[in-house]
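Each of the two complexes below includes chain A, the first together with chain B, the second together with chain C.
Presenting the complex of A and B:
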C-alpha cells in the first residue's frame, strides 16, 4: 500500500493536490482513500492531506502515521505543530517544495531518508507549486501513467474552464517530468497489523462532575496561546525611521489586534500572532511598513542570533 | 456628534481588548470590525453568537474574549440573549449582583442569521423591547460553509456563470420600521465613524442593531491585503451607505462627495468576475449603478 502525506497551508491547493493524486491512482485501478485534514483554522494555517492507494481493499482508517512519501512546503518543516517528520522511516521519501537545493536540505535535516526538492518558479502562485508537487509525486510512485494523470486533472479541474486547466496541466506535467530520474523511488509498505497498532496520543479525560467536565472556558483571552504567526508567509516590518506615529491607522486596521502602540506612540507588531494579511503594509500612509518573505526574515533572525 | 469622546482619529483606542490568535482568515473584515467594536464595548458584556465563522472564535479551551460568550443555533441568538438578559435582571433584582456588575447582552451573528434564519427570533426580541445590542458582521453570504448566498447577499454574488440574481435585503429598514432604540451601519475601514456609533449605542437602552459590512477575502475572492481598501471603496462608491436611525430619523453620517462608479468596487473582487468576463455585462453593470444612484437621489 502507498501511504502519502502532504503538508501545506490552507488555501494553497494541497487538498486538490492530494485529490488529484488519489484520482490518478484510481484511474490506474487502485483502491484509494484521499482525505484532507484541517481544524477550524482557515487560509494560511498549516494543514495536511492523506492519500492511501492499494491493489487490495484498504481497511486502514484515519491519519497516516507512517508515510512512504511526505510532500511538504519548506516553510512548514521547522513548525513543530505541523508534524512534517512524524513517523518517517529511513526509506520514506521527502519531496520538499523549496528554493533551496536537495543538498542544503540533506545537510540541514541530517536524515537517512532520500530527499528531493522541487523549485517553485520565481513569484509562482502557491497553488501552482502544489500542482507541480502532485505531478512529481505521481512520478515518484512509479505506477501512474501520464495519460491517467491528465485524465485525473481534467476530472478535477475541468469545470474551472479551459484556461485554468491548461495552466495547471503544464505545471502538473512539468512536475511529473522533473522526477523522471527517480521514477518508482517510493516504497510501498504493508498495512499495520492490528497487534502492531498503536493508539494515537490522545488525552483521556476522567469523568468529572459536569461543572468541571463541561467545555466551559474559565480564563480570559486564552486565544493568545494559539500562535497564528505560523500562518504567515510574508512578514510586515516597520521601518521606524519612516514611521510618523499615526498608529491609529495600522493598529485599528489590523484585524487580529496584533499591532499595539508603545509608550512613544510607535506601532509594535506581535509576530507570534500576525497572520501576514499585509493590510498594514497596504494602508500605512507613509509606506513605513514593508513586506519581506517570512523565510528571509527567519534567515536574518538566525544570522543575528549566531553573531 | 458633539458630545463624543471620538473627535479625531487620535482618540481611537490604542489598547486592544480582543485577544489575538483567533482562527478567522488573514485579512477578515469581520474580525477587523469586531476588534474595533470590542475595544469600545469592553469586557462587561455577554456575547451570544449564532453559528457562522465567528463561532470559531471561542473553541474550547481558547477564547479571545475577556468576558462571557455563548453559542446558539443560527436562528436563535436573540432568544438566547433574552434568556441571558432575564437571568441578569433576576440576579440584579434579588441583589445577587450589584448594579455595577450588570453586563450588556450582545448578539453576534453573520448575515445568514441576521437577514435570514434569525429574523423570527429578532422580531420577537424587538416586540418584547429586549435590551440588547445586535452586531451583524455582514460578509454577504454563508462564509463558514463556502459562501453560498444568504438573504444578505449582494447582487450577483454567489459563484456560477450568472451569480445570485437577487438584490440584498434591506435589514436596516426592516429594523428601523419597528422603531427600536438604535440602528446603524458601520465598516472597519472607517474606524472613527464606527467608534462614534458604538459609543452612542452603548449609551442607549433597548434593541439596537449594528450592521458591519465585512470584506471577506476568502468568500469575495481578493488578496487579504486589499480588505480595507475594498471596504473604503464600498463607502466611496455608495454601495455601503454609512447611516444611523434614532428617534424616528435616519441620518447619513458620511455622504461621499463624488461617488466613484460602482465598477471600481466590483472589478477588484473575484466574486463579480462574471460581470466583466468573458465579456462586460453592460446591462447588468448599468442596472447596479442605477440602483445605487436611485438610492442616493432619495437621500439628499
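Presenting the complex of A and C:
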C-alpha cells in the first residue's frame, strides 16, 4: 500500500492536492482512501492530508503513522504542532517545497531519508505550489500515468472554469515532469507484522486533584505560548512615515490583539501572534499598512541580518 | 457501474437522494455540514425535488422532522454531537408519534472539554430513545444503509425513526470508492412510502402529545414502542437479503469477520472496526485464531445473533469508543447482559476503552489486546478494564499542564 502524507496550511490547496492524487490513483484502478485532517477550520494553520492506495480493499483508517512519502511546505518543518517528520523511516521519501535546494535540507535535517525539493516560482501563490507538489508526488509513485493525472485534475477542478483549469494543469504537469529522474522512488509498505511489534506502554491513569484534572485555562499564558504568527502567509508592515498616529483604528480592529500602541502613539505589530488576516491593512485610513508575502518579508529580514 | 470516490458525508447525501426524500429540516454542525451543503446544492439546481428548511436549532429541526413525517412524507435530517444533545427532548418525544424518518448522526465526542473528533457518546446518549440505531464502518455501507433504513423505518409493523451513524472525520471527511446504485433501481428497492393512517393535515386536527396519567396507559404505549423495535430484528434480515439480491452487497445485523473458527474475538462498533480487521489478518498469519464481531444494529440490540456468534469462544475483547462515566464501556455492558445465562458463554470478557475523542488505536494496541486475551484465557482471569493510553501521552499532557500551572501562579502573584 502507498501511504502518502501532505503537510501544509489551511486554505492553500493541500486538501485538493490530496484529492487530486487520490483520484489519479483511483483512475489507475487502485483502491483509495483520502482525507484531510484539521481542527477548527483556520486559514494558515497547519493541517495535513492523507492518501492511501492499494490493489486490495483498504482496512487501514485515520492518521498515517508511517508514511512512504511526506510532502511538505518548508515553512512547516520547524512548527512542532505540524509533526512533519513523525514516524518517518530511512526509506520514506521527503518532498519539500522550498527555495533552498536538496543539499541544504539534507545537511540541515541529517536524515537517512531521500530528500527532494521542488522550487516554487517567484511570487507563486501557495495553492499552485500545492498543485505542483501533487503532480510531483504522482510521478514519484511511478504508477500514475500523465493522462490519468490530467483526468483527475479535470474531475477535481473542472467546476472552476477553463482558465483556472488550464493554469493548474500547466503547474501540475510541470511538477510531474520535474520528478522524471525519480520516477518510482516511493516504495509501498505493509502494515507491521506481529513479530515486529513493540508493546504499547500503557499506563493506569492515577486519580488526580480536580483542579489539575479540569480543562480550565485561567490566563493568557497559553495564547502567548502558541506562536500563531507561524500561520501567517502575508505580513502587514507599518510604513511609519505615512502613519498619522490616530492610535486606535488598527489596534482596535485587530481580532487577535496583536497590535499595541507605543508611547509616541505609533502602532507596533506583534509578529509572534499576528496571523496575517490583513484587517489592519484594510482599515488603516491613511493606508500606512501594507501587505507583503511572508516569505518575501523573511528573505528581507535575513538580508538585513547578513548586512 | 458508477463507482466514485465519495466522503461518508457525500455517501449519506447520496443515500437520501436515491431514497427519494421529500423534506429536509436542517441545522449545520461540524462534522455533518457537508451533508446539508450537498443536498442544498441539489435542491437549488433542481436535481432533487423536495423542500429544505433551515431551522433555528436542532430542537426545532427534530420537531419539524417528526411533524413532517406525521403528514406522511419521506423526511431526512442530520446532526452531530452537541446538536443531537440539544435535540434530545424531541428525540425521545417523536418516537412516540410512530412516524418514520431517517436521521444521520455524524459522531463527534461531547463537551467538555470540547472536541471536533469522533467517539460514540453522542449517539449512545440517544440509545434508549426509541430511535433504531444502525452504525456504519465504511462509506459504501453509509449509502447502502440509508436505503435499507427507509425500508425498515417505514415498514408497517415498525413505524419508528432511525439513526444512521457514521464517525466524524474517519468517515465523514474520508473519501473511499463507493458504488452509487442506479436511481430507478434504488427507488424500486425503497418503494413508495405508504403512510396509511399517518396523515396529519391542515384542518384535520390531531394530537400527538396526549397526556396519559395513572401509569397504565403510559406503560402500554411505551412497551408497544419497545415491541415494535424488537420486531425490527425479524424484519431487518428480510430487507438485508433483498438488498443483497438486488445490489450484491450484504449488510447484516452483525458483521462477523473470521469469526467461525475463532477462539478470540474483538468486539467493536463503528469505523475503527476496519482497523481491527487488518489486525485480525496479521494475527492469523501468526497462527492466532481471532476474529472481529461488529454489531451494526445497536437498537434493537441483536442479542440472539450475538449470543450465537460468541458461543464457545475462549475470550472476547470489547473495545468501546465511548465511556459511560461511572460504569465503563457501554458496549461491554450490553454484551455482558447477552452472555448471562447462555450455556456456552466465553469465560473471559475483557473491556478496553479506546478512541475517545478520535484518539487513534494502533496496530500494536490491537496485537497487545489479542495477547491480553490469550494470557487471560490461560489463567482464567478476566483482566481489569483498560483505557488505551500510553506513558508518552501522559507525558505530553503533563507538558501542557505545566503551562497552565505557570498561568495560575502568575495570576496569583498578580492579585492585589
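The working rule: the second predicted complex is superposed on the first by the 221 of 307 C-alpha atoms of A that agree within 3 Å, B and C clash if a C-alpha of one lies under 4 Å from a C-alpha of the other, contacts with A are read in each partner's own complex, and residues count from 1 in each chain.
Throughout what follows, contacts are C-beta pairs under 8 Å (C-beta built on N, C-alpha and C of every residue); 3 or more make two chains touch, one makes a residue touch a chain.
Nothing here was measured: the structure is a model prediction, and the numbers come from that model.
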item: Partner chain in contact with A:215 - chain B first, chain C second, else both or neither; value: both
item: Contacts of A:26 with chain B and chain C, given as first, second, both or neither; value: second
item: Partner chain(s) touched by A:228 [first = chain B, second = chain C, both, neither]; value: first
item: Which superposed partner A:192 touches (first chain B, second chain C, both, neither); value: second
item: First (chain B), second (chain C), both or neither touched by A:62; value: second
item: Touched partner set for A:253, first chain B, second chain C, both or neither; value: first
item: Touched partner set for A:122, first chain B, second chain C, both or neither; value: neither
item: Which superposed partner A:36 touches (first chain B, second chain C, both, neither); value: second
item: Which superposed partner A:263 touches (first chain B, second chain C, both, neither); value: neither
item: Contact residues of chain A, present in both the chain B and the chain C interface; value: 39-40, 215, 217, 219-222, 225
item: List of chain C residues in touch with chain A within their complex; value: 5, 30, 112-113, 116, 169-170, 173-177, 271-272, 274-275, 277-278, 281-283, 285-286, 288, 358, 360, 362-365, 367-368, 386-392, 394, 401, 403-404, 406-408, 410-411
item: Chain A contact footprint on chain B (complex, rising order); value: 9-10, 12, 14-29, 31-32, 35-36, 43, 56-67, 69, 188-189, 191, 217-218, 223-229
item: Complex contacts: residues of chain A adjacent to chain C; value: 19, 22-23, 26, 31-37, 39-40, 58-63, 65, 191-195, 197-203, 205, 212, 215-222, 225
item: Residue ranges of chain A in contact with chain B within the complex; value: 11, 39-45, 215, 217, 219-228, 231, 246-249, 251-258, 260-261, 270, 272-273, 275-279, 281-283
